[in-house]
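First the structure, which I've put down as structure tokens, then a few questions once you've had a look.
Letters A, B and C name the chains as they come in the text, with residue numbers starting at 1 for each one.
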Amino acid sequence: MSLLSVHGGQRAMSLLAVAGVTKSFGGVVANREISFEVAPGELVGVIGPNGAGKSTLFDVITGFARPDAGRVMLDGRDVTTMRPDQISRLGVARTFQKLKPFAGMTVVENVMVGALQKTADVGSARAAAQKVLAGVGLGHRSETEARALSTGQRKRLELARALATGPRLLLLDEVTGGVDQATVPGLVRLVRELHATGLALIVIEHNMRVIMDLSQRVVALSMGRVIADGSPTEIMRDRRVIDAYLGETWRA
Amino acid sequence: MGFVYALIAAGLSLIFGLMEIVNFAHGEFLMVAMYAAFFAWALGKLDPLLSLPLVAVLLAALGWAVYHGIIRWVLSGPMLAQIFATFGLAILLRSAAQFVFGVDFRTVNEPWLAGRVALGPVFVGVPQLAASVTALAAFLGLYVFLSRSETGLALQATAQDRQAASLMGIDTQRMFALGWAIGSACVGVAGGLLAMFFYIFPDVGSAFALLAYVTVALGGFGNVPATLAAGILVGLVEALGGLVLTPALKYSVVFALYLAVVLWRPQGLFGRF
Amino acid sequence: MIRAIPVGLLLGALVFPAVFTLPFPRHVMIMIFLYGALASAWNIIAGYCGQISLGQAVFFGIGAYTSSILFRELGLTPWVGLIAGAMLAVIVSQIVGYPVFRLRGHYFAIATIAVGEIVQALIVNWDAIGGARGVFIPIKRPDSLVNFQFHQSKAFYYYIALALLLLALAVTRGVARSRLGYYLRAIREDQDAAAALGVNVTREKLRAFAISAALTAMGGTFYAQYLLFIDPESVFPLSLSILICLVAVLGGVGTLWGPVLGAAVLVPLQEGTRIMLGGTGKALDLLIYGALIILVAVVQPGGLMAFFARARTAGSAR
């Protein structure tokens, strides 16, 4: 079980490198010396019980939180202290666990805000947005106000918006959370399609089947630490993971 | 004076802590209280000190009514609506007072307590002293109520986490209305006290209101005990500012202080938000 | 059919002075145009971007004072003063905005009030530019476009005010349709989500603020030249900032025509009560304002425009 660490230099292979990230809020240590890497085009799943620090990690990576220690490197470049919009422009997009649609704007306008990062022309942005919407299956709802969408549709909107920025790395926070079972396979298929286009993904998920299905690699967090980092099958059999998730009672 | 500011601010803080609405009409509530005290004196021959309980109750009723009549409907709306709801109320009350009472200054001419008293090297008016003491007492009373009584704790719970509180059986609507009532009562007491020695006119609320916002922001929105410290601070700064610079600029100093604090530490010196 | 309304209004506005030659109706229209422009300017930063600034009077006053002082001391034509005032306002907006935009919601609103009060107090104490006594704009005869003064007839003022309003509307429309417009609305809806999509929130807010400040300052210069007297009480007070907001809110925040609509309703109301009730009228119109604001806030925060939109969709078979 290796915890890869970056020694302050260029690591041509990795797209994203997180090294020794520690972040506390008040008395709670949300992230404790977290280190791992993501290679270009890799799909990494992140699992861990509630409170393990997964969303905080996303916040740190995307610039919404500044770590107390450690670094985040993108293409070997230190982005630890950058603002979220700067990191976005470097090719990192994310969705939020607690969805944040632009409620008063229409679906296509929502996505246009993302598309406008790539082009200043409103007309082209609209066209690009329509294309992305079609890709996620929301094309028919482009003129609807965002607040009128169902949860599943909002998840797709959030995804579409992030995609419109043309990222190289996409962070998905609980994309299947809160949707009914019937919608899950569709979302999973969508993620797989995205991955097939060469997009690197980090996916936080509670749904074990989804994670094991999708991921090439899984990083397991517990109490703010990385407790395991390997292939899905390795993780499934890892003692520490089982303990963290299922507790003593299952140790048989 | 700091204590009085603290009392006014406490009311504001309470309301904000409960439902994240800044009552822009708070100053006007104060004005209403002062007029009420004035008329109690002019018509009923009641010294402001005596009419305090009456005024407090009157204002509590006003606060409660405002909540049910106006605030309740904008709670779920956009922030713009919330700001303007209380702002509109402020303008309404102020102009109503102007319309009904005229712009003349009124004073309570022969209060019970009068004269001056030597407090160390400084001469302090007796009414002012009484006001400070009473304000402090009221503040402490509020603090005790909030932290010891069952209702007080329920209020705090609602302020911290609305959903959890309602799950525990606390009626949030009642808490909100109660918050408004108590917050307004605080202002009522402050107004009654001020009526003893301050001029009373329709616009009197605005200066105090602005100072109250600053006090609340300094202490931290939602943190009632902190407003006491903040109130004292504001009172001091105002007095010092008036001494060092021209009196006209003393408010500016307070505002500058607000800006400085709010930019350096957005949650206020002790705040939660 | 709906599109014909603005064109019709414009034509009507253009011929108005020819039809109504008395000074009073013209004055009312001039005020409507002015407030419409000011409210539109506020709309950009507050309506579209969601930053409720309650200190717009600062920019208004800067515009008024800059052009007036330059004219009085240097004989510089107020048109140049107009530009100078706008530029100064923009600079101030950036200096003030940079720290203050870090605040959100109510905190931000209070901070803008605080800034407004401080500026007003400073000007009152600044004797070099008149202090509390104000500034009289030197009267130059004959009427002259260069000196931006017309004593014979208000018609020139009328058309300039109309031009100002049209400018404000054009700018608003331009912004709304541009990338900036989408970014501003995104910021209003959810600042963090916008940042995650690459929007430099602070920079865009400052941009909107600058535009708003410039337009408001131009209104201030116009006002100075129209009334030929300004003082802190008339161009810097909080009540003016509030009035500007009310006009926009009543008409419809975040819409193109809302501010105009609001002005069209409020200005006649203001002038009407002043005529009818003289001194006490001052309080009565404020009373009505207050009630109106509450009404709008509670019933229909979208203002009159939203009211009409709802009526329209309710009426048409959908």
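Operating definition for what follows: a residue touches a chain if its C-beta (ideal position, glycine included) is under 8 Å from a C-beta of that chain, and two chains touch if they have at least 3 such contacts.
What you see is a predicted model, and the numbers here were worked out from it, not measured in a lab.
Central chain, going by Cα centroids?
It is chain C that sits nearest the middle.
Relative to chain B, which chain's C-alpha centre is the most remote?
Ranked by distance of C-alpha centres from chain B, the top chain is A.
Any idea how many Å lie between the Cα centroids of chain A and chain C?
Result: the chain centres lie 44 Å from each other.
Would you kindly tell me how far, in whole Å, the mean C-alpha position of chain B lies from that of chain A?
Centres of chain A and chain B (C-alpha means) sit 47 Å apart.
Let me have the rounded angstrom distance from the C-alpha centre of chain B over to the C-alpha centre of chain C, please.
32
Please give the residue numbers of chain C that touch chain B in the complex, ascending.
Against chain B, the touching part of chain C is residues 46, 50, 52, 99-100, 102-103, 105-107, 109-111, 113-115, 117-118, 121-122, 124-125, 238, 242, 245, 249, 253, 280, 282-284, 286-287, 289-298, 301.
For chain B, which residues count as touching chain C in their complex?
16, 20-22, 70, 73-74, 77-85, 87-96, 98-99, 202, 206, 210, 213-214, 217, 221, 246, 248-249, 251-252, 255-256, 258-259, 262-263, 266
In the complex formed with chain C, which residues of chain A make contact?
So the residues of chain A in touch with chain C come to 62-64, 83-86, 88-89, 93-94, 96, 100-105, 109, 112-114, 116-117, 120-122, 125, 161-162, 164-165.
Which positions of chain C touch chain A when the two form their complex?
177-179, 182-183, 185-186, 188-190, 192-201
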